[in-house]
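Below, chain A partners chain B and then partners chain C, in two separate complexes.
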Partner chain A sequence: MSSYAITILTLIVIQAIVVCGLNVIVGYAGQISLGHAAFFGIGAYSAALLSTQAGLSFWSALPIVLLICALCGLLLGLPSLRLKQDFLAITTIGINFIVQAVFLYVPFFGGALGISGIPRIRFLGEALKGPSFLYLCLACLALVMAICWFFTRIFAGLACFALREEESAATSMGISPVRFKLLAFMLGTVFAGLGGSLYAHYMRFVSAEDFSFPLSITFMSMLVLGGMGTLLGPLVGALILGALPEVFRPLAEFRILFYGLMLLLMIRFQPGGILGESSLVRKRIFPMFLRRRS
Partner chain B sequence: MNSALLEVKDLSIHFGGLHAVDGVNFEIQRGEILGLLGPNGAGKTVTFNLISGVYKPTAGEIRFDGKRIDGLPPYVIAGLGLGRTFQIVKPFSTLTVLENVLVARGIHRYPAASCLWTSWRSRKEAGEAMALLERVGLADLAQRKAGLLPLGNLRRLEIARALAVGHKLLLLDESFSGLRHEEITQLEALIRAIQRDGITVLLIEHNMRVAMGLCDRIVVMEHGKKLAEGPPAAIQQDEQVIEAYLGRKGEANAS
Partner chain C sequence: MQLLMEQMLNGLAMGSIYAIVTLGLALVYGVMRILHVAHASIYTIGAYVGVYLFQTTGSLAVAFLGSMVFCAVLGVLIERLVYFPLLSFPPYVPLIASIAVMLTLEEVCRLVAGPQILTFAARLPFPEVDIAGVHLSSTLIAIYVITAVILLLLWYLLNRTELGLAMRATSQDLPISGAQGINSHCIVSLTFVIGSAIAAIGGILVGIYYNQVYPTMGAVPAYKTLALIVVGGMGSVSGAVIAAMLLGLAETLLIGYLNVPFPRDALAFVAMIAVLVWRSEGLLGSR
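So, the complex of A and B:
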């Protein structure tokens, strides 16, 4: 594989990890978040600062990064307890802008220059780059997806599904909306933080504009395209929307226009995404494979 | 001591100037079926929502099994063994019928940390949820998506979920409305069977024949106040109740 392809794939896998986190919040718990890039950024900046300022390695910094992200998720998940739907969407957009502004204007975060000189990740004495870094990202994605799979099978996950469908009925069955919405937010932001940490050590440079609102829209587009609430949807969405801009480089200017159009068409014709319930892929293409096998 | 399972004392809630429930008193004895009747807008559903914790009362107190529950959040009250249905059915639409009941079966898991590692997909859980579905007659639809069911089946699903939660008291909010005649007969039999199992039932009902036949006692509400209380036969003869439903000057035959 060319190093170009490996770079693209690595970024796609990192984005898939972040979109898995968004899927927990939006797909499983039914809360809207249009500011997920902020948590991706919080993870990246925490990793960048801990490695450049405190001299920690990726591995020793990781638990602290994830803890910071969990606490931020807890704090910023609080609005979700009082706000619903459109109002929550607008609040999370606001959170994205505020977090980005903090990165940009507070000198501690490097201001407009960002943070550079982030060391490579070392594993068994080797500095990870190229394919070996991709393998690390793939291992993290596998772990994240395994946790997602597990989450859909435990009672805490079931409680989130119930809250997504009918909050008042769920509370009449012993489900505390506070506890389980915050749990979903925390899990979602922890995954975003993991992705952010990998991103910081891969790019070895972070700046505020890497975590702007359009990136949140990209994450959401990936999730809607792949299929909200499905296990593989985030991966499929990240693969398609991560690869398309590379294939259609000359049309890069029209990317956001294309995302908007795609979101509109998906929500009109395939609200469950590519892998969702009663989608074309599920109805037409999956049965073809099943028939061939049997 | 007192054998009442639920005691409602001077219960009031005001929404601005509207006194939706205004100084209501009643008790539910263990093992009885109590009917809550009244014209539209009398405050019956609001009373349900006060008991189940959806609203906090402006004044008064509610005791359940000797413990004060007014002001507690609904998920805590549910955990004490109080299950309820909703007048406007609220299924978890994208989940299957079985999964809907499994959500309710998790009632004692949600407050504990064990909900983070206990699977709801075990054979034991499914078996006990299926038993509840069999009870309400929905077993053959267990794998169907709840959102696809017709109203009659959704009302039964509501009862199955409430049964998983309410091992002491069941609040049924107009469970009979919109049902066909044979469905009504089945549901009446089910509620009697639930009573035989030692579960106390409080129901809101508009169908007089059902309410009179099923309830041990009846509380009638009008304009947020209690109008009358007593056994069905006495309620049928009560002047005030007849007036509330049919109007003053009962020259027409009020039977």
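So, the complex of A and C:
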């Protein structure tokens, strides 16, 4: 594989990790969040600061980064206890703008210059770059997806599903909305933090512009496109939307237009996503394979 | 003191423009419960059509009317083709669709008119006024007058006509109003016509006020106006207008006059979160 393809793939895998986190919040617990880039940014900035200022390695900084992200997720998940649907959507947009403004205006975060000189990740004494970094990202993605799968099998996951379907009914069954919504938020932001940490060490430079609101939209679009609440949806969505701009590269200046039109057509005619319930893939293509097997 | 006055007048103009753009959003949210982010791109297209018509015909009246008609048609097309079929899905589906529409329209603007900033060197036919040493340009006067006229007309339409009654009924409950003999889909389309036409006026006014029109001019208002309809109370038109005026004043005074080192575009969201914490139904909303 050319190093160009590896770069694109690495970024797609990192985005897939973040979208898995978003899936836990939106797809499993049913809490809309349009500010996920903020948590991605919080992860990236904490990793950048810990490695450049405190001199920690990626591995020793990772638990701290994830803890910071979990705390931020807990804090910013609090609005979800009071707000529903559209209100929550706009509030999370606001959180994204405010977090980005903090990165941009507080000198501690490097201001407009961002943070540069982030070291590469070292593993067994060797600096990871190119393919080896991609393998690390793939391993992280596999871990994240395994946790997601496990989450859908345990009580906490089922409780989140119940809250998503009908909150008042779930509450009357003794499921605490506070506990499980916050748990979903924390898990989702921890994944975003992991993605952000990888991103910071991959780009070796972070600035507030990288975590602006359009990125949150991209994450959300990936999730909606892939199929909300499904295990593989985030991966499929990240692959398609991550690769589309490259596939459309021959269209030159028309490629963003095609990207927008594709997104519009997808959401208009397959609102449940590619892998969602009652989607074309699930209705037509999955049964083909099942029939062949039997 | 004079500087303060001038800043306040500028803030009022900013607020008026926010109000014009937010009006359409609040109206649409009222009848459809959809966060119509693409409204800001209709405003951008309104400015572009205005510039084009003004440069070809040289008449501001043609520019305003043509742009309003074009945007109204565009608004109804978006509603019929994109939003209405998605009404039965969870609210994030139309929201994403709306964002996709905005992305597409923004690109269309960039491809048709080019990425460069166009100038809009028109002079609105309003007098210039000097009061106690404070100079009011004709553009500022025009913004105040046009906003006031739009607000009055809209107030009259919503509160004093049968059509307004139908619109208010539809915004309370779409299916029930349909059962009462109101052609609710027609009312929804009409809401888009009114909202989009007003957005076109807003786009042209902003274009003249800053003397520039560019493809991404709708990007920041798109999300700021969302915060404004929350602050005003979801779907409350008068609340949204008051919130818009306050925001315009606060932005100009805090950042322009007091030089508070705070990002201008985050202010709306800070205000929104404060409102949600202390008064979650918004300024004029009802629970």
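The rule we apply is simple: the second predicted complex is superposed on the first by the 273 of 294 C-alpha atoms of A that agree within 3 Å, B and C clash if a C-alpha of one lies under 4 Å from a C-alpha of the other, contacts with A are read in each partner's own complex, and residues count from 1 in each chain.
The definition used in the following text is that contacts are C-beta pairs under 8 Å (C-beta built on N, C-alpha and C of every residue); 3 or more make two chains touch, one makes a residue touch a chain.
Since the model is a prediction, treat every value here as computed from it, not as a measurement.
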Just checking: does A:Pro119 make contact with chain B only, chain C only, both, or neither of them? Give me first, second, both or neither.
neither
Touched partner set for A:Leu261, first chain B, second chain C, both or neither
second
Determine, under the contact definition given at the top, whether A:Pro245 touches first (chain B), second (chain C), both, or neither.
neither
Between chain B (first) and chain C (second), which, if any, makes contact with A:Gly111: first, second, both or neither?
neither
Which chain, chain B or chain C, is in touch with more residues of chain A?
C
Answer with first, second, both or neither: which of chain B and chain C does A:Glu165 touch in the superposed model?
first
Residue overlap on chain A between the chain B interface and the chain C interface none
Within the complex, which stretch of chain A touches chain C?
26, 32, 34, 79, 82-83, 85-87, 89-91, 93-95, 97-98, 100-101, 104-105, 213, 217, 220-221, 224, 253-254, 256-257, 259-261, 263-264, 267-268, 271
Contacts from chain C onto chain A in the complex sit at residues 29, 33, 35, 81-82, 85-86, 89-93, 95-97, 99-101, 103-104, 106-108, 111, 223, 226-227, 230, 234, 261-263, 265-266, 268-270, 272-273, 276, 280
Report the residues of chain B in contact with chain A in the complex, numbered from low to high.
52, 54, 73-75, 78-79, 83-84, 86, 90-95, 99, 102-104, 106-111, 114-121, 161, 164-165
Residue positions on chain A within touch of chain B in the complex are 153-156, 158-159, 161-162, 165-166, 168-177, 179-180, 277
